[in-house]
Amino acid sequence: MKTVLQVEGLAKHFGGIRAVEDVSFEVHEGEILGIIGPNGCGKSTLFNCILGQLTPTSGRVRLDGQDVTGLTPEEMNKRGVSRTFQLLQVFPELSVRENLILAGQEHRGTMLSRLFGPRDAGLTAEADRMIGFFRLGHLADARAGGLSYGQQKLLDAAMAFMAGPRLVLLDEPAGGVNLTMLGDLKERLKVMNAEAGSTFVVIEHNMDFVMSLCTRVVVMAEGKVLAVGTPDEVRANPAVIEAYLGH
Amino acid sequence: MAEFIAYLIAGLATGAIYALAAIGFTLVWQTSQTINFAQGEFVMLPAILILALVKLAGAPFWLAAVLGVALFIALFGWGFKITIVDPMIRHGVLPLAIATMALAIIMKEGAKDGFSAEAQSFPSLLPAQTLSFMGISISLQHIAIIVVACVAIGGLQWFVTRTRTGRQMQAAAQNPGVALILGIPVARMVMLTFLINAGLAALASVLISPIYLAKFSNGEVIGLFAFIAAIVGGFNQVRGALAGGLIVGVIDSLAAAYVSTSYRLAVPLVLLVIIILVKPEGLFGRKEERRV
Amino acid sequence: MDRRMFVAAAAVLCLSPAMAQEKVKLVNVVELSGAGATAGTNWKNGIDIAVAEINAKGGILGRQIEIVHYDTQTNPGNTRAAVQRAIDEGTYAVLGPVFSGPIGASMQISQRAEIAQIVGGEAAGLTKQGNPYLFRTSLSQSAAMPKIAAYLQNDVKAKTVAVVWVNNDFGKGGRDAILPELEKRGIKVVADVSTEQGQADFASDAIKVKNANADAVFVYLNEEESARFLRAAKQQGVDKPMVGETTLLGAKVIELAGEAANGVKGHVGLSIDAPVPAFQEFGKKFQQRFNYASDHNGLKGYMAVYMVKWATEKQKKFDKKGLADTLRGARITPKDEPGIMIETKIEQNGDLDRESFLAEVVAGKQVIKQTLPMINP
Amino acid sequence: MSDIPSFTGNVPSPARSFWRRTDGVLITLLVAAVLLWFVPAGMGRYGTYVLSLWLVTAIAVMGLNLTLGLAGLKSLAQAAFMGIGAYATALLTTKGGMGWLPAFAISGLLTFAVGLVLGFPALRVKAHYLAFVTLAFSTLIWLVLRNEQWLTGGVFGLSNIPRPTLFGMKLDGHLAFHRFVVVVTLILALALWWLIRSPWGRAFLALRENPVRAASLGINIRNYTLLAFAIGSAYAGFAGALYAPLVEFIDPSPFALSASFFLLLMVVAGGSGYQLGPFIGALLGVVLPEYLRVTGGLYLILFAAIVVALLIACPQGIMGLLERGWTAIRRRPAGRNLPVKESAL
């Protein structure tokens, strides 16, 4: 199995606080990897270090074997890695379609063609396909800010897929989403995984969501990796039960 | 050497005034994210108010001084907070900053049209005497300004760090959310910083007007320098603003002496740009952790 | 749509001429805000006094004066707009502005319209551009500076001089005019100190002047800055003679600088303290009406109106072009027109020639020491 | 789960084309240009001059509206850039003997380049510090304009700046020059209109709304920040290149720091981020004072009070107010292409 992303001994310290300490794991092509752990265990910091929002204190990040440590978020994105954030990060004043076009436009053409070329950078069809896929069709021209929380969450996820990424990092996609919506989201992620062959890394609190979606799970606690394995293996791991599931 | 000391003392005296203005500036910035572009006008107006009370209402000077300062603190401490800052703060920092620019115009033009376009002499509590030793002439007024300003700032520092109310004020400035949970009356504390700001401005006004003369346009330069002082010293520290004020005052004085009088203003500005690029938290400021 | 309607409406309203049949319209375009506000306000107040007087005595050729003041914000673009507006509204003559920059920006417009523009500017360059419609109300700097240089040489007997000037068109113009005059007389400039308009803190400038150790200090600042400088100089123990122009010796400076003004000497053109009864009387009227002492700009504004009155009565009609023609090369005496206050000769290029005075401040009073004759009587 | 559509499969339903949508801004610009071409015919020199001054100011405000209103970069140097453009044009057309058109182009390029250089601090420092850097820059430029008399004429300024002659037409008269200003303004406004509706405009907006998210979508923060700043500055340069021949005289005073503040007030008063906002803002800042000139010095207080009241009542400025009214009438959702962010400096 091909390794897409490789994290080696990653650490991030804020002053005296060790948010992430010596974290290593691999992401294989085509899998859905879950990262779970209690609040404040350093999951989001880990994401931010991988994606260049933060510079890691030590350790390496490799993409397809290439060292990408310390690249900026936009460089990571250009290399086919996209993400969502824990909190909603859509552009509320743009319409749903414009949000999606924005998410894809920098992957098309050049700076000049983006100025003098068509306004939608040729992405309207692609955006509408995404809108249809996430069943936001009736809302295509609505302001993103006016959507319900769950709908915005869907849009947020859709934006991560606009550029046709090979690796998508989702930070708590299920947070605050109601059950119906959650089922929807899960099924769509599975379809994308199966049909487009995208690889996912998902940070989540919602155990059921992770266990039913992911093929492999990394368990973190206090900034360190506690266990790695399939959902069943992790569920059976005594250290995990002690640290996390036990609560 | 004697020459250098003379420049130094003159610079420290003006710097002390900039420090008074800069401290109020940083206080209101910390508690309510108000970038007050009218800060210079805040220093200009109290002296005008006092003179207006003397001339128009015929009050004796001491009474006018007390009333004028009280009136100023009421109008531009309390009034400024509730009529301009409170309704606008929810719209963000920029509209508020722009509103203070507009306020500066209103204060300046109001002082001119309502009182006088002319400079007015302002009585000094000290004689314009010169102390002379070792070939250095030192103005008594300059020394007085330095002493009074330093005492006032020291008192403020003591108040902020040593008293209960002061510490509550600091807490309210640093993390209003947590402060509120701890039962600190945040709104009252924020108001207190506005009152202190107005009080310091009034003090600066009374100190400097005997030398500068009271005039509607005096705020422009003081405002600009208070601004530079606050950034150079550090936006989030009282002692930073004090140091910033003194440094900027001295540098300005030395620039006039040793650089070029026509490019004098450029020196503090270049310093400002260098500080922003190299040490944006200011010489004495705390570094704020970058948030994602 | 709203926007265009508003513009159109605004434009129409602005342009509807004030068709007061009986009145003659005079527009004063002057610095009422911005850097020139103090000078401009004095100028405006002087005009108001003159207009009130003339109107009270039956106006010009029986017509009352309608005076309108437009603020320029000391901004050339706005000045130009205001002068254009004044002309479009049919002003009889343009009064003001006072600062040379705004004058430079607006003088072509009155020239194009062939309307006299009577200004308060003193910068030497203004009248060198061959504009026949521009008239001064005071001596130009190129006329005043030789007198001061001579005074420094003969009376003060200075070999070295420190020059302190304000870096605006007024101060820079004065400095540029006096430097060659000093050089011509063998006086060395040992310190050349530029200060800002509206500067409040003169301590370092005073220290600089003190350290230059010149025989005399030539101070060329506006009134308030002069007072601040004198105070700072006293604090720093500068004990050399201070020599200057009208803006150093005026009542305003004496009032603001207090004791520090004593001993200051120099050349005075227009001053409410000059030994001319009309000047002093104007000073009293001004004080009474506005509750503060006028500077030379108040006198200039006052005279500007009387220049219009004199020339109109001379040509016996309200002819705009004729007004300028009448003023050019004229000689106005207080006997013909008391409001002109002192005999004034208007040169072909719009410069003025008058008597002026050497004065000194003694015990808080300006004392005239000597009367200097006209340059080309 | 049969109702879940396939991801790779085709989903028909092509959306309405962007091009087909009627565009209120474009129509307003074109109609206004035609009106402004004819309106001054009976207005006399003064009215025409004020209209021209309004448009020239609006160009500078448009630029600031791009940097501030759209991209969210706080600049306090717009008047200084206008000064650079005005002096460049004045010097090139008088001492340099150059035609207006190349001087105009050079002014734009020069301010664009200076804007690029000055934009670099914007990348290094936190948002509001850019305002302080530009504040310092603005004052430094003013000092240079004032002190370097050999080049700029110093406090005495530069006079007798010629009005342009283009394609054999002398644009000397007030009406001819006004129409020329109308045409240039229209061209510049249309260029900006195009820019704002292009992917660049979307990227600028993303930059303002949420730079972190924008970066994670592959938007090159550095390039777009510098471009927003440089293009905004170039518009100030263009405005300056028109201002010099309009007034035929320049000195440093209209390009001082307070003038930059004033331009900022106009952006906000008109409606920060709205494409037509700059015209409204400049109307308030240029035409209203002319209208209130009779009030002596009081109109400045009036203007400032209006701005404060407006900011308290509706921080989106006049355009925001109009939009609110329009929404109330039409009862349809607001929020067009250029909305306002209510965020921190």
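The chains carry the letters A, B, C and D, assigned in the order they are written, with residues numbered from 1 in each.
Quick note on the criterion: a contact is a pair of C-beta atoms (placed from the backbone, for glycine too) under 8 Å apart; a residue touches a chain by one contact, two chains touch by 3 or more.
Quantities reported herein were computed from a predicted structural model and do not represent experimental measurements.
Trainee: With one step meaning two chains touch, work out the least steps from subunit C to subunit D.
Mentor: Shortest path length, in steps: 1.
Trainee: So which chain is farthest from subunit B, going by the mean of the CA atoms in each chain?
Mentor: Most distant chain from subunit B: A.
Trainee: Once you find the CA centre of subunit B and the CA centre of subunit D, what distance in Å lies between them?
Mentor: About 33 Å separates the centre of subunit B from that of subunit D.
Trainee: Report the inter-centroid distance (CA atoms only) between subunit B and subunit C in whole Å.
Mentor: 35
Trainee: Centroid from C-alpha atoms only, then distance subunit A to subunit B, rounded to Å. What do you get?
Mentor: Whole-Å distance between the two chain centres: 49.
Trainee: Go ahead and note the Å separation of the Cα centroids belonging to subunit A and subunit C.
Mentor: So the centre of subunit A lies 73 Å away from the centre of subunit C.
Trainee: Hey, what residues on subunit C touch two or more of the other chains?
Mentor: Each of 33, 35, 37, 167 in subunit C touches at least two other chains.
Trainee: Could you list the positions in subunit A whose residues touch two or more of the other chains?
Mentor: Residues 53 of subunit A touch two or more partner chains.
Trainee: Enumerate the residues of subunit B that touch no fewer than two other chains.
Mentor: 109, 112, 220, 262, 265, 292
Trainee: Quick one: which bits of subunit D touch subunit B in the complex? Just the residue numbers, please.
Mentor: So the residues of subunit D touching subunit B come out as 68, 74, 121, 124-126, 128-129, 132-133, 135-137, 139-140, 143, 146-147, 212, 257-258, 261, 264-265, 268, 272, 296-298, 300-301, 303-305, 307-308, 311-312, 315, 341-345.
Trainee: Under the definition above, what is the set of subunit D residues touching subunit A in their complex?
Mentor: 1, 4-8, 10-11, 13-15, 17-19, 195, 197-200, 202-203, 205-206, 209-210, 212-213, 215-221, 223, 333, 335, 339, 341
Trainee: Within their complex, state which residues of subunit D touch subunit C.
Mentor: 32, 35-36, 39-40, 43-47, 49-51, 53-54, 146-147, 149, 154-157, 159-160, 243, 246-251, 253-254, 276, 279-280, 283, 287-291, 293-294, 296-297, 299-300, 322
Trainee: Please name which positions on subunit C make contact with subunit B in the complex.
Mentor: Within the complex, subunit C contacts subunit B at residues 33, 35, 37-38, 41, 167, 193-196, 198-201, 203-205, 207-208, 210-211, 223-224, 227-228, 231-232, 234-237, 252, 255-256, 258-260, 292.
Trainee: Which residues of subunit B touch subunit C in their complex?
Mentor: For this pair, the touching residues of subunit B are 3, 6-7, 10-11, 13-14, 109, 112, 116-121, 128, 130, 132, 137, 139, 141-142, 208, 211-213, 215-218, 220-222, 252-254, 256-257, 260-262, 264-265.
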